[in-house]
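Got some structures for you, see below.
Each of the two complexes below includes chain A, the first together with chain B, the second together with chain C.
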Partner chain A sequence: METRRGARMVIDPKVRQVGFVTPGSELGRPAAPEPPGAAAPVPVVANSPSPVIIPLLLIPDTSSLRTTPLPVPSPPSRRVVAAPPADDSMPLGSYNPSDAILGSSQGSSERTGNNDKHGSAPTDSLADMSLSNASTLAIRLEGLNVTNDGISNVLSTSTVRSAVAAAPTSVEHAFQTSSGQGIIGSVPAVSVDMAAAANPQAGIDPRPMPLKDRTSKAERRAIQEAQRAAKAAAKGVGTDIAAIADGNVANEVKSSKPSSQKKGLSEKKPAVFSDKKPVVSSDKKPVVSSDKKSAEKASEKDKRKDIPAPRMQFDDEQRVAKAKRRSLIEQTEAKNRVELFRHLPQFLHGTQLPSLESKFFHEDPLHPHPSVFQVGLQYLTREIVGGNARCIAMLMAFRDMINDYSTPMEKTLVRDLTAKINSHVSFLITCRPISISMGNAIKFLKTRIASLPVTVSEFEAKHSLILEIDRFIQEKIVFADNEIVKHAVTKIRDGDVLLTHGSSCVVEMILVRAFELGKKFQVVVIDSRPRLEGKGLLRRLLGKGLHCTYTHINAASYAMQGVTRVFLGAASVLSNGTVYSRVGTACVAMVAHALGVPVMICCETYKFHERVQLDSICSNELGDPDALVEVHGRKDVYSLRGWADSKHLHVLNLMYDATPADYVSMIITELGMVPPTSVPVILREYRKVPYVM
Partner chain B sequence: MKSEEEISRRRGEVSGAVTYEWLTQAEAARFHKDPDNFKPLRASSLVGQQQQRLSDEREGLFSVIDEFNLWRSKPELAEAVAAIKALTAVIQRSEATTMMGLEIDLKKASEALKAWDETSISLSAGCDLFMRYVTRTSALEYEDIVAGKARLIERGEKFGEISLKARQTIALLGKDFVQDGSTILTHGCSRVVLALLKLAASNGKHFHVICTEGRPKNSGVEMANQLLSAKIPVSLIIDSAIAYTMEKVDMVLVGADGVVESGGIINMIGTYQAALVAHSMSKPVYVAAESYKFARMYPLDQRDLPLAPCYVHFPGALPESVIAEVSTRDYTPPKYLTLLFTDLGVLTPSAVSDELIQLYL
Partner chain C sequence: MGPIMKFQVVVLAGGMSKKLFPLVSKDVPKALLPVGNRPVLSYVLELLEANNLKDLIVVVAGEDAAVRVGGWITEAYDGRLHVEVAAVSEDIGTADALRAVLHRLVVDDVLVVSGDIVSDVPLGAIAAAHRRKRAVLTAMLCSSPSASTAEAISSTGKDKAKKPSPIDIVGLDTSHQHLLFLASGTQVDKDVKIRRSLIRVVDQMEIHMDLMDAHLYAFNRAILQEVLELCQGIKSIKQDLVPYLVRSQSKFGAIASGDTQTEAVGKTPNKDDSGQPQTPMQDIVPLPQHILPGVLHPASLELTCCVYIASEGKYCSRVNSIQTYGDINRDVAGELVFLTGYTVSNQNNVIHPTAEIGSKTTVGPQCMVGDGSKLGDKCSVKKSIVGRHCRIGSNVKIINSVVMNHVTVEDGCLIQGSVICSNVHLQERANLKDCQVGAGYIITANSEHKAEALSKREKS
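And now, the complex of A and B:
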């Protein structure tokens, strides 16, 4: 287990080298990071006729890195700074015109930012451009012919163009080589404008040529040095220093260029370069300029449109640290985290509460809407549990929020509201990880917001959104449940013994309805520690007058004998038919399967998800480990008191498990009874229309 | 030579991209160009209806059933098609002045038909299918009642052709699964299976068929007779010898009364047992069934099926206290089936549900 995870514990994104790699340079790269001070990069920018102006900040935003599982070459191209005033015809991104159009508004801001060198509008993907990646490129391209006309043209057209051209290449390269690490969108960001001024052709030609052969490693290096310089400048060193730095960059570029043309020397460069890299990354952290933030948001939004964001992996320290800084709530991490589940959030339960309470009267623009805040607290204290209840509560809170929403000045409703919902969702996630059904509901809401016509007034937009939310709750949850009940009761015959596990509201409705229809059957409620949710169900069923048996999951194999039907709820049904549900469901389903009892899963289709999951490990939720240790009402079971201090003890309180489709006889949805193999069909047929389902 | 070419061409037609929509296929169905074939029957039924119409209101329902029985008496006509024909007659006779009224009439008639024989799956599947077509055709709303009626009637007429076409398609698709020199076990008497085997034999395949006796209706004997008339070597076994015979069998080929949502089939009693034995001996079990037999039901076990009891003759006198428990059909779960030959293509059991979802939802 340890060894398996070992490889993934690496925090620094690494690029595996593929192809022709100089061994020396590869070895040199991961060398021990120098202390930040030692290698403080001389900030360098050229003061030659065509100085390289780097508007970017290098900020290790690993989170955004990870949100791009696909190579998206567009952002880098848009960030490439706009043409100099002299040359209006130059598209923003020198190789992707359409994208340039998209990014035009941003380009202008970049342009203004360029002048004072406070890295303007760096996108995350650029900002976290990992130097290692760039160096990779440099290494890759090393040894190729350099057809540079002169040192006087410090960064000639060819350099700039090749740098631009390099952007997609490196993206691809990173994608091929480092999928595991997720350095995907990182691209050397190059500002072209001055260079373009020097040679307008660079700007005019929107199509990047495969110019690998024209670029030298040294040039590349120069660019990166310059970027580093820009970053240092942005860090707050001040414009003056940056100006000085400019000169240094130029110097270095000049000095390095001839050397690169002598191929013999070139091998050293990557090593030197990579030595400095860790310094850079350590520098990056505290710098967050407001410009950068907005740009980041924008590009993030872009990406989210086409790519589902991967889940946060909590064994990634950088990201966790980042999330911590951002989060509204302070929470303490659990001490003895279960090794296998390190990627899941493991916080000490209840530690969020004080900070939440203290924040309640805090005036803060980032503060969540009171309704959302309340729902978040209710999630946290487990006052609201159950997929449907949580989803409805969240949607109602968002409804309130939208009702009270007014678009700030100079913002559009579509964008601002989406951002607002995102921040609220991340607040809810800190309270308790959201369920798949909630994720689907959020996706629905966001699609609705995004599809709002631009011409619609704010009032109308809000009104239609509220209607949509109401409709979603009605159709996807309330009516769906009624339909499920209608289908399911046909499967209950007189004399049946029905077994259920935990407490599912749909199953409860089914049982009550069948009872009201006068069917004669018995119910076995299987319960499991620590939540003992079955007790609530049992109480309600008994209140209605049903004949019940109550037992714990330990007795499942015994209780299953004589059972004729098993009805189970689900948190989600995944596209391979796997049922993701309250922990214990898989156990009950397997026992039932072994004894030949049909297992019926009752689940609304809005809970279906395209994801495929094979085990309960990669995505799950961890409950409070204390709950396992303590037994309510038993003072004598205290042998584990102070267990948290023991290094040798890991207590695992899983919330969900995955039941393979083999153990499921049928899935009852509002669309009818389908075998688990048909889940993808339903997903396909009913989500064609942008989330009508 | 030429005929072979033609066959392969036709096979290409059917096996290539057999995406299905009942309704579009209905459009394309021009196989059977002999509508006169059905005329006498309809005429006679119309006479019957006119006589009955004199009586009272409720007799409208009776006439549907009579109509259905009339159609069903035709040997080549499947039950589902007969049901559709009967419903078509209802349309013809309907005095409704609006499409809505027509729809209500149809609904009543189909309910009556279903209630008349609750056990028949293909009957209810046929009714559902036709009702589905009627309610789904949005174009009908814009037409006047006469045109709408004509269109529905035309559609109903075509179902008979579709039924024949489907059988041919299945035979074309399935005959390649019959290998030269193989032994095939079949259970019950199915027209589709018969068509498939006949086509395979006419294509020069040499194979041997083992028919079960098929109690209680002795349908296996009938099957054996039909096969013999097609000059296919047949041997007949008793139902209880399935396991005994299975080791020399290469594949099991059965028809189906109905194909249910799980991908399992409902067929003559004993199919489940044959499939179980075949499964345990790792022999493939193939099912030949037209897609109009796909039914929106999902039995979990045998008791989930509506009972279809029948009279069984037990030799010798039975003591009074003995209860003879007989059902005419059973449910075979999908995990015991290898493939289904349908006019939509050769499907795995799990693909049935996909087709059903697309058809009905």
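And now, the complex of A and C:
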């Protein structure tokens, strides 16, 4: 791992080193190169900070980590790795500004200035609030307790402050008044506090844990979740708490202090409610527990609301077992999975299809709608591949499903249909993990369902949903592709040599269109095993009469010479400009970059995602390892046959890789051609008025 | 609750079969011919039931036969299956029979099953293959039993085999998923003609002789209806309809440009594209069709004919000749006994508890004896099936044979490789070898028959 990173650094010193890096290598570059473009276009709207800023805060933390003599440094460094993907558990494709805030650990100085409406303004004032103001605070609280988030922030801050100030009486007084009138509003606050109080502990906990060699994925997951909840709690609170909530417990003083604060708070609060006596603690235990219960419930609810279920980690045996029980397909997990990729689903190929087929006619509560079943089958057998195709097929299947849908008795359409979509999506996921673009589409559909007015009749609701789906397909995919083609064609000049990798339908449309416009150019199709998708593209291009060269990716460096443009498709573009695409793309882009050939990524904006991903490990898809073992038409290549029996061999067939933004010259979207640094802008500006509403 | 997964099932139970003369008579239509002491049709119905397909349309040729079949079904499957029995006139082809029930088909796809299949293939797999390819036609192929026994037949002599069971010539693509050519051996005289245009489109085609069309098809309902209505000349599914669809597929070609849709089969009906996004602008570049055949442009659904090849372990066979009838009976009594649902004894045979067996009588493995049958002393039953309420005297040898219900066999008879229908009377010391005896026939004492088909009508 280390050597690889190092090697990459040699090739391209611009690469941000955030992934699997020891703190030491980080230290030399304190101000992580923040592309100026990210901040430049929209400097003021700190509401949704551009995700590129995230590493900024992490790096000082790691450096401080390094200075503090911690028993085992592994968890913090893991934290560094895990922190960025914390974002990825956000609802796919949603663009929720508050989530974005959670994801970033920005200083309050930037944020509180113009933060979201209810949360920050009181916080800000609270920061300077003297104790005498506490009663006014209570009044404020009453006014504010309509909004859960806002109030929670306010309460937590206020209590923290009060604990620090160690003058509890007046604060307590304030609480009395507030709790008397606004007790409903304050419950969530308590809950959040509880969560917050629990979380620093969880954040600290891992320190003894690493003693047993390594934390399991599940544990790390739990920690991460806890920390996320902590972030939710700390939303709108000052920097220090946010930083702690971020999980960086490196600075011992720092970490211990707020946690004690919070502990004090969590203990104190019930006291406030119950016996109205300043702080001291002995007779409040039962109250704590009862309060805790309700608080926990509320916090559970809150959590569920704020944080969507994290992606399934397939090395978590319990969850896998649970998911299996709920799944229609019986699947056997593959043995000999590659260690680093254990969290990704991998099943023995060939076991799923028969099981699915045998269930074809069976009546089962899990049984999906026929159209969805069909699409699932087609995913499973790779009959439908490619981001757009899969997305359209899924949407059309959902369209059919909605068409046939009728609300059962005593249920509301909104809830029941959402649940139905969820179960269908999980069915599709068992067939093949869904892509980011599909996630976005699902998110879109669900928002549409959720935003249906209650009064609307079932027929109208279905009709409007169907229209919405059609519109999505039309606008976000069909028209978008046309626009991309229009933009991209302008970049093709006579005499160009264009290179592409694999088979992207947009790129194909571009090439064909340019050819139809009479441009004279050559195409180099780079292909890679085992899927050899380029052959299909090549065949179609040749059928149209284009002049093509075909080669495999191992000849990329040679083939790149003389190429004037590289056009590549993408499965997704992430907000740090990383292009997530068919495996091999990164390699092609890197070679092109090294030789100074411009790399154009063609991607519709519905595939954009605000996730930040720095490597292709956290989220990826594993293909059939046997596909690497067998070479079609080469019976003499058999040395790997029976590899599954060997304990010492792991075969890894990755489906996607992440191309760093540095290799990408330009991303061609339907909104125009933008540099990769502008992806957050698109995400922010065009998702705000999304295809929703 | 509508049909599950939008599939409807049509069982073509047939009526009288000339090939099975003299086993099939007016009293016993082909569907009710006992195989392993159960009507053939029950195997199909149970296969369907096991696959949760409970709404069936059974088409029977001939009014009388329909009444009989319907009566039997209601008796045997009352409450378990919902079966509509439709009668069509005799002497019409299978496609005509299908045409007769066409108006009852409403959902997306139709599974057409021949009533004489004995099989344990998973129907879900066929349906799934059909669906995921969006095929017009999916035919099930199974490895042909005749391939292995063909030499055996020819070696045992021409007198026995009426005809070598027809060999299907199947053309597949290299992935073994698409059906490119199908001709049954009976149609082919000497040469198989394959059009060059087909080869041009598909590059490679594998010709298989070892596969047999199992007469189990999944059709796209809309196209099936259109074809059957447009082309009244299509009489038989196997001989006309399937080759027609396969041929028109190659005109469109899985790869060839799919714009020539003015073919007779042509236009796939534009089902429910009311809300289909219509491109308003003219200069829109359509998405390449290959990315989504038929999803974005349902009107341009390609005609593809697919196959599902039954896996090795699965059994599939049809009762369509005397030869196969005997084979299947033996198989059912032997390794396929699980299909019948009977419990197997330690001796690897099935003897109904009410059957009485005399002293020193041996019933070998892979035999069946139905309820109420009486076997006398010193009999020997080997690899045979004895039906219900038979009375068999002593010193009788039954080898490799099928004896149906209510048969009386007197002392000292020898039955080898024969099929004895119901109510036959064999008088003392009759000797039958490779014979088929029609229902109600009386064989006189001491007579000897070899490779004959004996039936009442013949006699009268």
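The rule is simple: the second predicted complex is superposed on the first by the 382 of 693 C-alpha atoms of A that agree within 3 Å, B and C clash if a C-alpha of one lies under 4 Å from a C-alpha of the other, contacts with A are read in each partner's own complex, and residues count from 1 in each chain.
The working rule: contacts are C-beta pairs under 8 Å (C-beta built on N, C-alpha and C of every residue); 3 or more make two chains touch, one makes a residue touch a chain.
Because the structure is a prediction, the values reported are computed rather than measured.
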When the two structures are superposed on chain A, do chain B and chain C clash or fit side by side? fit
Return the chain, chain B or chain C, that is in touch with more residues of chain A. C
Contacts for A:Thr412 in the overlay, against chain B (first) and chain C (second): which applies, first, second, both or neither? neither
Based on the superposed arrangement, let me know which partner A:Leu377 touches: chain B (first), chain C (second), both, or neither? second
Considering only the touch criterion stated at the top, classify A:Ser646 as touching first (chain B), second (chain C), both, or neither. neither
Touching partner for A:Ser451 - first (chain B), second (chain C), both, neither: neither
Touching A:Asp470, do we find chain B (first), chain C (second), both, or neither? second
Is A:Gln561 contacted by the first partner chain B, the second partner chain C, both or neither? neither
Quick one: classify A:Ile682 as touching chain B (first), chain C (second), both or neither. first
Minimum C-alpha distance between chain B and chain C after superposition, to be given in whole Å. 21
Of chain B, residues touching chain A in the complex: 261-263, 296, 298, 300-301, 303-304, 334, 350, 353-354, 357-358, 360-361
In their shared complex, chain C is touched by residues of chain A numbered 353-354, 356-363, 370, 373-374, 377-378, 381, 383-384, 386, 388-389, 392-393, 396, 399, 403, 466-467, 470-471, 473-474, 477-479, 481-482, 485, 505, 508-509, 512-513, 536, 540
For chain A, which residues are in contact with chain B within the complex? 491, 493, 565, 598, 600, 665-666, 671-675, 677-678, 681-682, 685
Interface with chain A, chain C side, in the complex: residues 4-7, 51-53, 108, 122-125, 127-129, 131-133, 272, 275-277, 279, 284-285, 287-288, 290-292, 295-296
